[in-house]
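One chain, chain A, appears in both complexes that follow, with chain B as partner in the first and chain C in the second.
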Partner chain A sequence: MTGTRVDIDPQQAGRDLAALVLTVVELLRQLMERQALRRLDLGDLDDGQEEAIGTTLMMLDRRMDELCAQHGLRREDLNLDLGPLGTLLPDGA
Partner chain B sequence: MTAPPREVVDWEHVQAPVGVPLVDLLDRVLATGVVISGDLVIAIADVPLIRLSLHALLASVSERVPAPWADGGPL
Partner chain C sequence: MTYATYVYAVRRTGGPEIHSPGHDGGGPVRLLPLGSLTAVVQDVPAAEFTEEALRQRFTDRLDLERCARTHHRVVSAAAAGAATVPLPLATLYANDVRTKVVLEEHAERLSEALHRVTGHVEWAVKVHRDTAVPLLEPDADADADPPAASAPDEPATGREYLARVRDRRATRERRQESALDAVDLVDRVVRTVAVASVRRPLHGVELTGRDRPQVMNGAYLVPQDDERLLSAALDTLRQDPRLSGFAVEASGPWVPYSFASVALTEGVGRDGAPA
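Moving on to the complex of A and B:
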């Protein structure tokens, strides 16, 4: 069996793996962000909780930027194109 | 009075919901709430090895679906 040698550049593989992990994290972050917005609209939270949720989400977003920069990725790289299903994340993010 | 003939859906060229990212669909599913129940058996060469039995409720916390713990809980 002729073994065709597939040389995967370890650097690229590492970055792709990081992109996959960060995509999952970004998906969860955006889901939580939308759920938080729904709860804020519901209005059953007191000001302290709303304040805490807002700052936490902001810090999380900043942290995502740091993580992407750390792995040499752009935020858009985290988006996945699911073919006929459209994209995983909104185009802007 | 016969109902107007509904045109047949041409499944070959059905486009995705235009401009709706999957995360928004997931968000709406969570807002409505969904129950996933079922059994999954992972087998190799017809030998069942792993069994996963699911009865999962996935929903946003609201007065209809209260959180089981008063505070934020362990997670």
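Moving on to the complex of A and C:
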């Protein structure tokens, strides 16, 4: 990169960093969700546990919405393009 | 001023002259004979085409676009008269002598590529999913409520939330499968007309728009005489109910860039790889 044509805006850089951090958090959240569904499918959770896990994940999901709103991001902004590997998070959740 | 030799394309010797302006600041586009092959070249100011200068210029979208369009225009003009192997953007050698040495080293592969593309054109076939069209339900459940996932209200309990996540996951998997099926169908049909095909990387939603993600980006080498078969095949595909919710687009005919690539290694300074 030649540098001369890159427009460095501190506010934009801060937003990009927030998006990156939230993307990683979102990845972990989705992994937890996936794991919860798998355990549900295996049937090794009782109703109380299912409700507790579901509630926790729901709270996390809402918290993500709030965090995104705080940083002026949309949920679909949280992703990384890994080129030939596709995107980090599956699209259109 | 020092000039370098910019090579646009290689043809068989004996084609017509090319009347198309080349890159700014250079000489006229001319033919450089190399035995049975002829290179389509232009003298360009060497200082504007060094590796460093090009890297600088190509970070500027407008400059890159201008260069690419000029390159494409000259290649197309060359291809209008005879079978042509296009070379990558910014293929340069120090002078005509160097150009001859390198191209003659690769004469055999260039001839093969010419043979492959003679009488053929390239068509691009792209498939996009139209997100406005709902997915076909796999079976039954026709009388169930319309998609619960779009319900605006928040899930009240943890179990409801999990059920919703599961639905979304299932929808996504169905969507992926339907896209794979659509791509497979389009590819199979188009390949009945084409003699070769390549799959290129998908364009991201930044280019296509979020509501019409691309699911296939292919290039097909089609015999010139069979172009009508191709458009008939595409028309049939567009009527196919299995492709409801997908848009099939084709563009062409193009100079067969995707099927004529010959890696020209060992050039002076540049090896002909695109910047």
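Operating definition for what follows: the second predicted complex is superposed on the first by the 85 of 93 C-alpha atoms of A that agree within 3 Å, B and C clash if a C-alpha of one lies under 4 Å from a C-alpha of the other, contacts with A are read in each partner's own complex, and residues count from 1 in each chain.
Just so it is clear, contacts are C-beta pairs under 8 Å (C-beta built on N, C-alpha and C of every residue); 3 or more make two chains touch, one makes a residue touch a chain.
Model, not experiment: these values are computed from the prediction.
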item: Fit-or-clash call for chain B and chain C when the two complexes are aligned on chain A; value: fit
item: Chain B versus chain C as contact partner of A:D46, first or second or both or neither; value: neither
item: Chain B versus chain C as contact partner of A:L88, first or second or both or neither; value: first
item: First (chain B), second (chain C), both or neither touched by A:E66; value: neither
item: Which superposed partner A:D9 touches (first chain B, second chain C, both, neither); value: neither
item: Which partner reaches more residues of chain A (counting touched residues only), chain B or chain C; value: C
item: Which superposed partner A:A36 touches (first chain B, second chain C, both, neither); value: second
item: First, second, both or neither for A:M58, with chain B first and chain C second; value: second
item: Overlay on chain A, chain C to chain B nearest C-alpha distance, Å; value: 6
item: Chain B/chain C common contact set on chain A; value: 84, 90-91
item: Residues of chain A that touch chain B when the two form their complex; value: 27, 30-31, 34-35, 38-39, 42, 44, 82, 84-91
item: Of chain B, residues touching chain A in the complex; value: 14-24, 26-27, 30-31, 60-63
item: For the chain C and chain A complex, residues of the former touching the latter; value: 55-56, 59-60, 131, 155, 157-162, 165-166, 168-169, 172, 175, 201, 204-205, 210, 213
item: Parts of chain A lying in touch with chain C, wherever the complex brings them together; value: 1-2, 4-5, 33, 36-37, 40, 47, 50-58, 61, 76, 81, 83-84, 90-93
